[in-house]
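Each of the two complexes below includes chain A, the first together with chain B, the second together with chain C.
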Partner chain A sequence: MFNYTFHWRPALNALPQMLQGALVTLQIAVLSMVIGIAVGVVLSVFSSSRNKLLYGIYATWVEVARNTPALFQIYMAYFGLGQLGIRLDSFLALLVGITFNNAGYLAETFRGGLRAVPQTQTRAARSLGFNAYEAFTLIVLPQMFRAVFHPMTNQMVWAILMTSLGVVVGLNSDLTGVTQDLNVRTFRTFEYFAIAAVLYYLIAKVVTLGARLIAWRLFRY
Partner chain B sequence: MIEIENVEKSFGALKVLDGVSLTVNKGEVVSIIGGSGSGKSTLLMCINGLEPIQGGRILVDGTEVHARGTDLNRLRRKIGIVFQQWNAFPHLTVLENVTLAPRKVLKKSREEADAIARRQLEHVGLGDKFGSFPGKLSGGQQQRMAIARALAMAPEYMLFDEVTSALDPQLVGEVLDTMRLLAREGMTMILVTHEMGFAREVSDRVAFFKSGKIHEIGSPEQLFGNPQLPDTRAFLNSVLK
Partner chain C sequence: MKWTPLVATAAFLTMLTVPPAFADKLDDIIASGVLRCAVVLDFPPMGSRDTSNNPIGFDVDTCNDLAKALGVTPEYVETPFPDRIPALVSGRADVGVASTSDTLERAKTIGFSIPYFAFTNVVLTRTDAGIETYDDLKGKKLGSVAGTFEAILLEDDMKTWGSSSTFQGFQAQADVFQALSQGQIDATVVTSTVAFATVNSGNFTNLKVSGDAPYPVDYVSLIGLRQEYGLLNYLNLFVNHQIRSGRYQELYNKWVGEGAAPNLLIPGSYY
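Up next is the complex of A and B:
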């Protein structure tokens, strides 16, 4: 009933290649997270804007990002934009797709986080002579980030795992791409993907631990 | 000099200030007393432009607060305000709470801002708390920190909005001591307060607020000792018994 013989040695020999891929994966995840946080903060500010256009941008972005499959979002970045004459390579298309998705989720998280910071904090800051931007960046944002730190870490892990979708737009340099190449060459599907899974797990763990360390350093109050 | 002329202010259909006029001269301490919801705190928020007004005008050293071209951020530098709920910045240490505005708003160097903050914090008796976070302080200590934070901007006017109302009774004294010191140093102050004894002691004038108006105003001796209007008498009877 079961006559598959495991061949771990050749699979493990490919480890350096796979680690190289893991590095690319991490790179995409970090980039999409950094840009996603920046865009998410801007969107969350738009969410309480009285300007209809700004609110519209926020609402549309969040609705689309959260209610359509991430896979389609990456497809749209690669094939959709390509149809419009904007040709992104698979690395960039994946980055754009995931960042779009990330920013949508993060915007909603941040919106909640901003509500957790009392209005009176802004008042106190403004009364000291800070302008609206300073009051927001110096007083409100740091407190918001503390409130949303754990959901933000979850989103980071989610972003790492989502990078594996790059394979659908032909990305072959990230962990999934490298693994897939090895797979089609050798058909040792189980071995390679098991190793890849372990590597994804380790990356996610390292990021979570790193985040905890940052939180411990940053939020001592 | 703060000149409040016929100020009107509504929250929706609710009229909170209904033609308030009051002039506060340099070096003067004016207390505002009155029941809850009579518009006292709102008036303070209007003076530094945190709240818009619908009628009348407020002048601070001749600058009209609510005029279109007024640089409120600049104007607020000379008006310190301390709130009922102290509003410490929880993510900053006590020292950082006090140095942030001098550094970012007044563009002072870190050393200069530190020196100012240390002096102000020692002034209010928090010389040993520089590195603590506000969450580790008592309400009275946080409120004194808030006073130091406002003073670090070297304001010309200080507004106090029921600063002892949210404190445990045994912590009220230390905050009042700090304010007493300020009054003695000649700071121009407007305080909204429920501490009648304190108002009587430090004020040059006391104003009784009722239904969005200054109902009666006079020296502490006059207002507390010989109130002219029946509503003032009724209020004082109810709080002083």
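Up next is the complex of A and C:
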């Protein structure tokens, strides 16, 4: 049932190339998280807005981002926007697609996190002379980030894994792109994909452990 | 059960290392009465779908002929280009009739028959991109199906140009044409048959062929598992018979166009 002899030596020769790809993967994931968090905070603020337009933006974004496949979102960023004359290259299209997805999920996470910060915190801050902006950024936000830190870590891991969808829009510099390129040149599918899987696992693991360390450093009482 | 993952891993590794009982693929195909061909269906005129979604094309007809010769019924396993070999190795398909270039690198993994078709490559570009010859590709945004014969040669040439041209490798031929038509890339290098079929299809009105790419002839072969000598021998003889019976020429005129089918003899060499 499995007519295949593994050739590990030539496959491992490609490891430097694949590590280079892993770096690009990490780069896209980190960028999409940083931008995604910023947009997510703004959207979560919109969620409690009485302004119909702002609430509409929040609701539409979250509905589309959470209820359509990430693959579709990336495809739309590349071919969809391309149809309208906005030509993003593969790297940017992937970044836009994942960031859109991240922001949608994070907005909902942050909305929950904001609920977890008692109203009395804002009121106490205001009575101590903070203005509304200061009360939100200095008192509410830090507490919210403490509440949502672990879900955020999950989203980061999810973002790393989503970067693998870049191959559908012609990205060949990230880990999956490099792997797929090696695969079609040599047809040693199983070796290269096994190495790629291990690398993805290691990246995700390092990120999770790193996040735990950061949490321990930042959020202890 | 903390040992469960360990046991599962051990079982999986054992499965990988124990040699499978040898059964000749050719016997299996004849016994099962079905020939499963891996075909690529976004690569007209070699493989595509007609208006009622049935697979058609040069490769599909070649698969039909092979099945007829074996006295079995053909079954098509549609695979994108990168998945042809996984489909064979994992046993989803018996042979690949999928315009596979016979590179030495790939021959380390998979078995090739003698060539059953040959391609030459041309430059396909947008009418407004200002590209007239292969040399005009310098400094442009280029793309192709990742890892194909022509993509490898194009990327090699781009390295010697050293200018600001960029390369995007796609997973499917259809995506390359879409990106080219929309302007994400300015040009691609593609086999002449596919280029003319695409321009003539009328789906992309802003594409045109701009001259030949100076590449060697791209011979493509039928593929089977490397160790299945019985099957590979049969495939060689099958290709030989297709040519000597005139069926090769007939299929060429049916799917590709007028004139003589490409010469499959490699000048000055044995096969």
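Assume the second predicted complex is superposed on the first by the 220 of 221 C-alpha atoms of A that agree within 3 Å, B and C clash if a C-alpha of one lies under 4 Å from a C-alpha of the other, contacts with A are read in each partner's own complex, and residues count from 1 in each chain.
By definition in this document, a contact is a pair of C-beta atoms (placed from the backbone, for glycine too) under 8 Å apart; a residue touches a chain by one contact, two chains touch by 3 or more.
Since the structure is predicted, the reported quantities are computational estimates derived from the model, not experimental observations.
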Discussion item. For the combined arrangement obtained by superposing on chain A, do chain B and chain C clash, or do they fit?
Written reply: fit
Discussion item. A:146 in the overlay: touching chain B, chain C, both, or neither? Say first, second, both or neither.
Written reply: first
Fill in: In the superposition, chain B vs chain C on chain A residues touched
C
Worksheet item: With the C-alpha centre of chain A at the apex, what angle separates the C-alpha centres of chain B and chain C, reported to the nearest 10°?
Response: 170
Worksheet item: What is the contact status of A:181 with respect to chain B (first) and chain C (second): first, second, both, or neither?
Response: second
Discussion item. Quick check for you: in the superposed arrangement, does A:67 touch first (chain B), second (chain C), both or neither?
Written reply: neither
Worksheet item: Of the partners chain B and chain C, which touch A:87 in the superposed model: first, second, both, neither?
Response: second
Worksheet item: With the two structures laid over each other on chain A, which partner does A:51 touch: chain B (first), chain C (second), both, or neither?
Response: neither
Worksheet item: When the two structures are overlaid on chain A, which partner does A:6 contact: first (chain B), second (chain C), both, or neither?
Response: second
Worksheet entry | First (chain B), second (chain C), both or neither touched by A:138 | first
Worksheet item: Could you state the shortest Cα distance, in Å, between chain B and chain C after the structures are superposed?
Response: 38
Fill in: Residues of chain C touching chain A in the complex
15-16, 20, 81-82, 85-86, 89-91, 103, 105-106, 108-110, 143, 146-148, 152, 166-171, 175, 178-179, 182-184, 225, 227
Item to complete: Would you tell me which residues of chain A are touching chain C in their complex?
Response: 1-4, 6-7, 78-79, 82-83, 85, 87-90, 167-172, 177, 180-181, 183-190
Practice prompt. Could you please specify the touching residues of chain B with respect to chain A in the complex?
Written response: 48, 50, 73-74, 76-77, 79-81, 83, 85, 87, 89-91, 100-101, 104-106, 133-135, 146, 149-150, 153
Practice prompt. Could you pull out which chain A residues touch chain B in their complex?
Written response: 118, 120-121, 123-131, 134, 138-139, 142-143, 146, 219-221
